[in-house]
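Have a look at these structures, which come just after this line.
Okay, so chain A shows up in both of these, paired with chain B first and chain C after.
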Partner chain A sequence: MNILISMIDIYLFMPELFIIFSFFILLIYGVSISTNKNYGYPVLLKSIGYLTIIVFLFTLFFLIKSSDFSSVYFSNFFFSNQSLKWIKITLLIISIFYIFLIISNIYLEKLNIFEFFLLFLLTILAIFLIISTFDLISIYISLEILNLTFYVLATIKRTSEFSTEAGLKYFILGVFSTGILLFGISLIYGYTGITNFTDLNIFIQNLIENKNVIEFPIQLLLGLVLISVAFFFKLSAAPFHMWSPDVYEGTITSVIALFTIFTKVIIFYLFINLFNFAFYDLFSIWQKLVIFCAFFSLFLGTFIAFIQTKFKRFLAYSSINHMGFIIIAVSSANCNGFYSLFFYIIIYILINLGIFSSFFSLRSVTSYKVNKQARYINEFIILSKTQPMVAFSILIIFFSIAGIPPLAGFFAKLIVFLTCLENSSYSLVIFSILISCLAAFYYIRIIKIIYFDNFEVWPIYLPIDKLKANVLSFSVLSLTLFCLNPNLIINIIYIIVIM
Partner chain B sequence: MLIEYGIILVFLFLTFLLSLIIFIFSYVFSIQKADSEKISAYECGFNPFDDARTTFDIRFYLVAILFLIFDLEVSFLYPWSVCLGYLGKEGFFSIYVFLFILTLGFFYEWFKGALDWE
Partner chain C sequence: MFQQNYYLILSLIMFLLGTFGIFLNRKNILIILMSLELMILAINLLFVTFSVFLDDVVGQLFCLIVLTVAAAESAIGLAILVVYYRICGNISVELINLMKG
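So, the complex of A and B:
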């Protein structure tokens, strides 16, 4: 047997290879200096944070300068094409903004562990591996790298029992869902003997080709259902969403920003790769699965979010609602549908960056050197008078989530609805429009609490610091000015989808 | 073909039934009259001196996990060394990569103080 690693593999793998080597160097740098008595056990958090930004900038340089050709590498386990290049570029830019958000937040949260950014570097590596998989086995391996780093990140605040409980719940449920994923993969492999996507595509085409009555083999169907169960678990789509409110509430805010911003894009890209390329001919089956999950997510996400009083749980249910919208877009297996999907996800990421930089900058000082973050929705009262600019940014972000024109969220929902109408899934669109009207209520209720409620004791928060203000302004400006010149986002998404 | 698995189903059913019988009958048919002497902890006939529970020292768990990692590393070395002749020069250098990554992990745990047994 010949192991072939040629130069083209190294060339296509160069961004990930650079991230791996920089991870090694940063790991040795961090651990050998921060445990050194002569240097006084320094806290290397900010240093490694800025160094990861430099790493990402170099990787961005690699990616932008790489040539555009489509190829599989590492003996058909991974693939690379132009769409992948652009989605990696957008993810790197978003992660640079995320690091800006985190560096300013993590000192206030008193989490001085430098391994946070190293785990984030590993997360980005895992993300790059997940979106370029071309084989069922490499789905499992790359998803497991991501899962393992997320389990550690969920419990990184070791002094908080709340955080360890949430991380343990996430770990147990995540391991369970990985078991289900493996079961599905093994069923498909057991029936067909094939793990590569192209081979699966050809196999299933030949299975269905010249038949009048199509009988789908039960093992393939069961494998499909189990794999999509695992993916829907990771996305926190109902009915596999029970982990997300507890985990969102328990883990610290910096890590929750990571969970909401990054997992959705990659799992959807993986979903589309797998289901639209390998299992394209089983479309009539996975479309029903997807529509069932969409209905459920929309319904549950809206109605449970009405009664939430804590902000992070509210955010979890509202993200389940958004997943419902995006899953509607998945159910149409054409390019328009995937275009609307990625468009919605990019707007969703911008909105989340805005939410995390505005709400989670609200820290109140209770005694000397002890600050605590606003946890309940009722604590956002009278923000319009104490911090008017932050309140205005929150206004814009929430109007955008609720889908009010001319902000970007409206266009995202509009395009999703239009592509579904083209596919004649009328009941789905009517249901989701009604649900989005109901959902707009609880977003606007928060704005009412900020602007119109009155209370005897005014909660006063620390002013927002510079890095967070940069991220917040980027988010708000891109949401408002999107309607004037949407070219940048639209061109990138066009390239991502067409390839 | 699926009929051959029927034997396994019968086997599963019978084992489940048997263990259920043993478990439930011992609970239902025994006389349970608990008084304070019967349910207290047994310490060779004496009254117990101290609480039998201490806090679990996390160092034991850490040693077990480290053993797992490095033992699996060694267990990957064995088949590699046996079939090195068939692997060619790429096979020779791939184990360097594997060992290098694990050595970095070893440096990390060394500097973090996981190997100090105080």
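So, the complex of A and C:
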């Protein structure tokens, strides 16, 4: 007798089930109260924001109290592991900090749509489903949930021309990349007839053992290349990076914080699941593609970032540059490589939390109760005299992102370079060190603008508010104190990678 | 008549027509949305072809899943297009020029 859903499925699916139920309850609460005449049609944005923090704390409780055994569930479509438990815990803590970051900013941007946080709940659900996939079909389904919520989030400010145009571009390129992903998956399914990762691993091992000369079947290779192309589209790695500067500049900054912080972790975890479990023996093929993308990303990211004047576009090109570094770490398929990869990504997330919390606090006062968010790099000027503590935090964050010791960004780059040197890819390491020196220029240029430029008219900004100050201080303290006691981050990443 | 290669070539031609429809388009954004749907349709044909020639039902299952998700996606795409039209007043491809560089 075939059982459709058994108790183990429900037990291992419990955090996601809780998020689904709380999404529905919050949706009913939001709709029924905000359209009620007796309460005066209230704006429920902050209320639902704080309630999602409570939802995340409860799922954190579920995850911490769950047991550690590894198993597949839902008939081999998803898997659960100790490493998955810890990566979900870190993602939930980061999302609580993300809500701290944007909750007053959404209010100030006058985006009074309470469904924003419900869409954020759906993204967290999609993220949990993506990182626990074990089958080609469930990759597509979970990635589509994430994509659909991101299309809506990119155009959530319906009254802004920039936002709608950026959302349209993101939608077109997103569906294009989904088409390419599906083409790759269908070719792999068509050649082998199997979609599960373990079965694919066994199939490819037997395929290579039985032949003396290794000739890879062209259909498998094409499917592999197309799937990795689709993943690189989502990550905005060159040469598939065309959408990211426009979309980063156009959509509202709160949503861009979401794109920057969350997509990298999950797509890389999915990449490593797929290429480590399923296609491990075709390693020499996908290593070449990955190294080509790394070279191109590093090169493009630095040289176009020099001429940017708007801050969000600059952030897009600098994230392409960081993608180059992370892709170098992927190209070595051993445990050290993946360790350095996740280490770099976690430090990158901390840096981005700091960048966004300091960037959000630059709201200039033009008249009474009218705030405008700063947009250009030149608006960082004279911050050292108007807000010295925020300027010092920006100093530490940008030094860390440029790779200056003893801050945490230096150690991230160091470990990536060391694992590459172990695999004797010397030209890659020399090229990326030179590019990193060049890239340090445009980070330190911002510090020069803050501390050393002089201007007749001084822009005055509103003081940073309490929740954003919490996030900023968390980021800065973790970056500076990392060199003294790195145990926490190292142990978490060890559990994520080794299991 | 029932050779697998013919169906594969047909799906490949449909997929390439869809992708070139996006790039060589000079009229309006609706053509882009139709080309994206054509790409997804070509993939559906691929899945069903493989399911027939591998004698496996998983291909047809995957085709049904892709069909429903693509329908939801085109609904969101048309909603985004309507929002864009309300702001800009036209859906011509040549007039999308707010962001450069």
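One rule holds in what follows: the second predicted complex is superposed on the first by the 495 of 499 C-alpha atoms of A that agree within 3 Å, B and C clash if a C-alpha of one lies under 4 Å from a C-alpha of the other, contacts with A are read in each partner's own complex, and residues count from 1 in each chain.
By our rule, contacts are C-beta pairs under 8 Å (C-beta built on N, C-alpha and C of every residue); 3 or more make two chains touch, one makes a residue touch a chain.
This one's a predicted model, so the numbers in the text were calculated from it and none came from an experiment.
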{"item": "Partner chain in contact with A:I28 - chain B first, chain C second, else both or neither", "value": "first"}
{"item": "First, second, both or neither for A:G49, with chain B first and chain C second", "value": "neither"}
{"item": "First, second, both or neither for A:G223, with chain B first and chain C second", "value": "neither"}
{"item": "Residue contacts with chain A in the superposition, chain B compared against chain C", "value": "C"}
{"item": "Which superposed partner A:G354 touches (first chain B, second chain C, both, neither)", "value": "neither"}
{"item": "Partner chain(s) touched by A:L148 [first = chain B, second = chain C, both, neither]", "value": "second"}
{"item": "Touching partner for A:I5 - first (chain B), second (chain C), both, neither", "value": "first"}
{"item": "On chain A, the residue positions that both chain B and chain C contact, one per complex", "value": "none"}
{"item": "Chain B contact footprint on chain A (complex, rising order)", "value": "1-5, 24, 27-28, 31-32, 35"}
{"item": "Chain A-touching residues of chain B, taken from the complex the two chains share", "value": "86-88, 90-91, 94, 104, 107-108, 111-113"}
{"item": "Chain C - residues contacting chain A, complex", "value": "15, 18-19, 22, 29, 32, 36, 39-40, 43, 46-47, 49-50, 54, 56, 58-59, 61-62, 65-66, 69, 72-73, 76-77, 80-81, 83-84, 86-88, 96, 98-99, 101"}
{"item": "Sites on chain A touched by chain C in the complex", "value": "137, 140-141, 144, 147-148, 151-152, 155, 158-162, 164-169, 171-172, 175-176, 178-179, 182-183, 186-187, 189-190, 193, 195, 245-246, 249-250, 307-308, 313"}
